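As written, the chains take the letters A, B, C and D, and residue 1 is the first residue of each chain.
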Amino acid sequence: MTVRVAVAGASGYAGGELLRLLLAHPEVEIGALTAGGNAGTPLGQHHPNLLPLADRVLTDTGPAELAGHDVVFLALPHGHSAAIAAALDERTVVVDCGADHRLNDPSAWTRWYGGEHPGTWPYGIPELPGARERLRGSTRIAVPGCFPTVSSLALAPALAAGLVEPDAVVVAVTGTSGAGRALKPHLLSAEVMGSAAVYGVGGAHRHTPELVQNLSAAAGTPVKVSFTPVLAPMSRGILATCSAPLADVVDTGAARRTYLDAYGDEPFVRVLPEGQWPQTSATLGANTVHLQLVVDPDAGRLVVVGAEDNLTKGTAGGAVQCMNLALGLPETTGLPTAGVAP
Amino acid sequence: MTVRVAVAGASGYAGGELLRLLLAHPEVEIGALTAGGNAGTPLGQHHPNLLPLADRVLTDTGPAELAGHDVVFLALPHGHSAAIAAALDERTVVVDCGADHRLNDPSAWTRWYGGEHPGTWPYGIPELPGARERLRGSTRIAVPGCFPTVSSLALAPALAAGLVEPDAVVVAVTGTSGAGRALKPHLLSAEVMGSAAVYGVGGAHRHTPELVQNLSAAAGTPVKVSFTPVLAPMSRGILATCSAPLADVVDTGAARRTYLDAYGDEPFVRVLPEGQWPQTSATLGANTVHLQLVVDPDAGRLVVVGAEDNLTKGTAGGAVQCMNLALGLPETTGLPTAGVAP
Amino acid sequence: MTVRVAVAGASGYAGGELLRLLLAHPEVEIGALTAGGNAGTPLGQHHPNLLPLADRVLTDTGPAELAGHDVVFLALPHGHSAAIAAALDERTVVVDCGADHRLNDPSAWTRWYGGEHPGTWPYGIPELPGARERLRGSTRIAVPGCFPTVSSLALAPALAAGLVEPDAVVVAVTGTSGAGRALKPHLLSAEVMGSAAVYGVGGAHRHTPELVQNLSAAAGTPVKVSFTPVLAPMSRGILATCSAPLADVVDTGAARRTYLDAYGDEPFVRVLPEGQWPQTSATLGANTVHLQLVVDPDAGRLVVVGAEDNLTKGTAGGAVQCMNLALGLPETTGLPTAGVAP
Amino acid sequence: MTVRVAVAGASGYAGGELLRLLLAHPEVEIGALTAGGNAGTPLGQHHPNLLPLADRVLTDTGPAELAGHDVVFLALPHGHSAAIAAALDERTVVVDCGADHRLNDPSAWTRWYGGEHPGTWPYGIPELPGARERLRGSTRIAVPGCFPTVSSLALAPALAAGLVEPDAVVVAVTGTSGAGRALKPHLLSAEVMGSAAVYGVGGAHRHTPELVQNLSAAAGTPVKVSFTPVLAPMSRGILATCSAPLADVVDTGAARRTYLDAYGDEPFVRVLPEGQWPQTSATLGANTVHLQLVVDPDAGRLVVVGAEDNLTKGTAGGAVQCMNLALGLPETTGLPTAGVAP
């Protein structure tokens, strides 16, 4: 099987990571690479790491350039994907790495993004209950945000099993590639290196409603979520510290069993051995989430910590995993599980 | 006034930061510099940054070397300070940067550190209610841990004012100098750079009981605290994200007024203007804590974020501030409020 | 003595470092703070580290705002200082941190910067032969570039003493604050962290003619200089590895004596003890240059390595040192020699 | 073809990177994993990134454990490989990542490492003249040091073509993983982050004789080499700035043609397009060297800059490339050419 794939938004960070993974995918042939303002320039100027594609020239992002592919990945600013998808053959698998089709609730969309809701597509975290089935054979897929991926996987089993109250606190440390290649002063290296900073505090980050949606679905009841993202001086990686009040008397061993039941067969989610805690470097460039958990009886909380690479499992790796499901390929095809460390 | 000062444990990170600050203190003359295994070596070998003291040779840490000073700073592993203090003149101001005399509850000491409780000394966060009065003129002072300093200042006003329930979650990102100069694999630069990692999760970190003690005193009732420290790839700095459930209907403006009332006259604690969030680089090398807060009505929580330099306000700067109080000097003498950034 | 000082370009990195140092200067009162596009905003928005000045509002950079000060520091893009200086009283000390008045040769100016040469001012590295005398009492001073400061101090004594041929190779690793607060993609934190990169290779960097000028003056003959700057993932610091072919048979001991003779009495230049090599962290925030050297008989070269903080001794600290000389104050007034480390 | 491979020294950084690459190699089956003091512990404790091997337990490094494999990689401290190789079947391909068999000159070995020379094996940089032929089918291979790999590739074509004098200066910035997992104070993260430092200056680094050997072979005459390694705050990556005096009048275009002739057909060495300079992040985790060069007529030198990942092309990737040659596999089998960036 040879799958012909186009990437729209190829000069950004998500686009670059998609191409890195697709280069190693045995069933994929890389077709059109498109961009906005960078159209007409060679890819190597934007992604010198992608040696095999360095001389490929970026074209405009338009229906004509994207037509004729089996799969189209969209790595575009929010608001751009609905029109493009509408112009593509409905049998084309469209995998949207943007936010446009993640939220179920049109009013939540309007509150957080403004304008009319572009519609909801099957949501791309296969490891959440029921998700894998909805993704298999789908031709429209909404790739989740990087924070919701690891945070949802970290808390969903406990909420689903009723171990904790529907009242979560998530503080997630992230590398700065998650903000994209935006020329903003607070992303300049001299500002970031040697410093930790918060942003989007108090529910102001756009990933909050997505996290609320996922956790509420897992719990079967509305979940309150306090979400705080923290910028740390690293390029990649998210470390999410997630906790919630214990609903019942439970010890760490019992909570572990809940998580091992949920993820024991998952190829990309690893509950670490007891005593070993996640670190983001172990997931760098890999399509994996590492989890560990503990019950804190004094504080009366379950604490679950998850690590992922925001660009791989948090974006492009998750997107390729969904593509595999959509195409009926083995889900793990072409996806690394060994991170690049140290 | 010339104050003759000795530093025990001068070759470690806390000792080095004490000396950097004392060099700039207009009333201080630096006397004995002592060490354990590094005795006999020049200070410049351990702290090449301390140019004016580079040729000073470290002596052994013993009562004879430390005698004859007005002030003795102890920057030693826990368990060493009680015996040294007992051998010093009782009029000598002894400022202990270690953990030995921080906890009020002997059973808490035994649970967390083992062995017999060495006794409680006045606790060195002058900005907490009642603390300044206890520190003025005191000849024995317990400098707090780096995490409790910023976290206590972040949550105490809200707890004291009854804005929040006595049930706090603190996730604090820290640079690795907080772990000291210990030769441990997880502190090697190749492991730390590019990675975020947790440790001491679920109440396992020794700063937890100290934080519980401070917050419970502020609240006037026992406070549950879930504390998670996160190692980030930076040398210095702590960014603590602290939250608790709202006890009552309160908006951000009202909560801000509580904090401005508490800290408006404090020279070293700054509630940032609305919309500006703390970043650790702004406090680097300065004896300051920067705070910002917001009410999240959806999550039903107050979120307070604080930044400090763990070695300055979090250790050595706080220690010098306490020395000033003990000696009757103006509290701000010799202490920088401008951080080194970018 | 109270010196009233204005800073033009206060919202940039050089401006911020000037203010950090001036805040600690015992004879200085900080007057006007001016900016270009940032005029009208509070300083704390740009330099949250400068707590004592956080609420000061930036004004426009114009002669009216800058008039009435004893000293005016210019931290502006090149090409702006001549007109401003012309509009100021000639007794006002004008210290230009830009490039405009560094080069002696008008044709070199035109080649490297274009346009007409704005004229040459006394050059601000007091430790170079003859420089201190020219700076004392001067009312116009050209602060050197950050690379030329450390590199010139590293090689001048060997060239002046005829130890080496006039044929130097300088490879200087720098933190990214040297590039200023420019919104350029290659300065984004996600690009810089975890990566080393070169730029301005093969004599393309504008500091090259300044370095040639300094080294040729020291040697008394034209010196060829191969200069390569390397961007490393750190905010501050320059580590310059400088070498030249041995002109004669000389061993490390003899070369050391030449350097100790040159710098033994200098308060801000330290030849480290044998066996200890420079590291930039030891100079962070300090007005110091650390040097070490060795003769490599197999390669037939003298290798001198120097470290400095590009923003302190390399820009703002050197500027304040020059101001002290200009005003007849003790040269070391208000300038730190202890770096902030680790 | 299934190749059964053992890795001795699997808990170190080189061992870990070998395993990461071997996991993705389509012809390899991973056999024994051995260690020294870490024998008996699971691999996941040392390399949490190697998820597929996390539960494999390390065994002792001895002939019995290593017997019965087609290929044995040795990632051991120097001095250990000769005895192990002697105990293995002579048809076993032994690939030594240590220094033992790199130097041709026994007296150079004795000078730099002490003791008796363990003998010389075919040297593992296939892209150097004549090397590929010596490696094909060889059963004993000496993998080069990380610095000599990129530096030799950067300078060999110019020396071989007589473009430059046999008098080279190499200043190479490196990440700290090159020093291995050694518990040394100067490798602690708090010392490394935010700082650049030199070591092994003046010909004191053990990679110097290896570099002299390679460059002299390329030039056909003894080459003098001044080599300075610089530690930068990053985990991986080497950026080598290499230069030598021009032997003749040559411009950048002519020099580029020499390099394109030398490397145009090489899959792992890329001469970047004009105007684009190497950065180490573009090679992270890839088996590639990126080169760029310029003639500086004012300085009279050719400057060549090379980037590589010290653990991949500089160690483990180069080792796997040599294994492929030894086994008669296509040289590029299983080796990534796309780096992990940003």
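We adopt the following convention: a contact is a pair of C-beta atoms (placed from the backbone, for glycine too) under 8 Å apart; a residue touches a chain by one contact, two chains touch by 3 or more.
To keep track of the chains, here are their UniProt names: A, B, C, D = N-acetyl-gamma-glutamyl-phosphate reductase.
Predicted, not measured: the structure shown is a model, and the values here were computed from it.
Peer 1: On C-alpha atoms only, rotate subunit A onto subunit C and read off the angle in steps of 5 degrees.
Peer 2: It is a rotation of 180 degrees, to the nearest 5.
Peer 1: Of the chain pairs C-D and B-C, which one is connected by the greater count of C-beta contacts?
Peer 2: C-D
Peer 1: If we define chain centres by averaging CA atoms, which chain lands farthest from subunit B? Would you check?
Peer 2: Comparing chain centres, D lies farthest from subunit B.
Peer 1: Just give me the whole-number Å value for how far the CA centre of subunit A lies from that of subunit C.
Peer 2: Distance between chain centres, rounded to whole Å: 45 Å.
Peer 1: How big is the gap, in whole Å, between where the Cα atoms of subunit B centre and where those of subunit C centre?
Peer 2: Distance between chain centres: 35 Å.
Peer 1: At least two partner chains per residue is the criterion; list those residues in subunit B.
Peer 2: Within subunit B, the residues that touch at least two other chains are 13, 177, 188, 190-191, 193-194, 233-236, 279, 281-282, 284, 341-342.
Peer 1: Indicate which of the five shapes (line, ring, star, complete, other) describes how the chains touch one another.
Peer 2: Graph shape here is complete: every pair of chains touches.
Peer 1: Give every residue of subunit A touching subunit D within the complex, in rising order.
Peer 2: Touch residues, subunit A against subunit D: 13, 16, 19-20, 23-24, 42, 44-45, 47-52, 54, 177, 193-194, 235-236, 270, 272-273, 276, 279, 281-286, 288, 290, 336-342.
Peer 1: With touch defined as at the start, can you tell me which subunit B residues reach subunit A in the complex?
Peer 2: Within the complex, subunit B contacts subunit A at residues 167, 169, 171, 173, 188, 190-191, 193-199, 201-204, 208, 212, 224-228, 230, 232-239, 241, 243, 245, 252, 277-282, 284, 292, 294-296, 298-301, 303, 305, 307, 341-342.
Peer 1: Considering only the defined contacts, which subunit A positions touch subunit C in the complex?
Peer 2: Within the complex, subunit A touches subunit C at residues 13, 175-177, 179, 181, 183-185, 187-194, 233-236.
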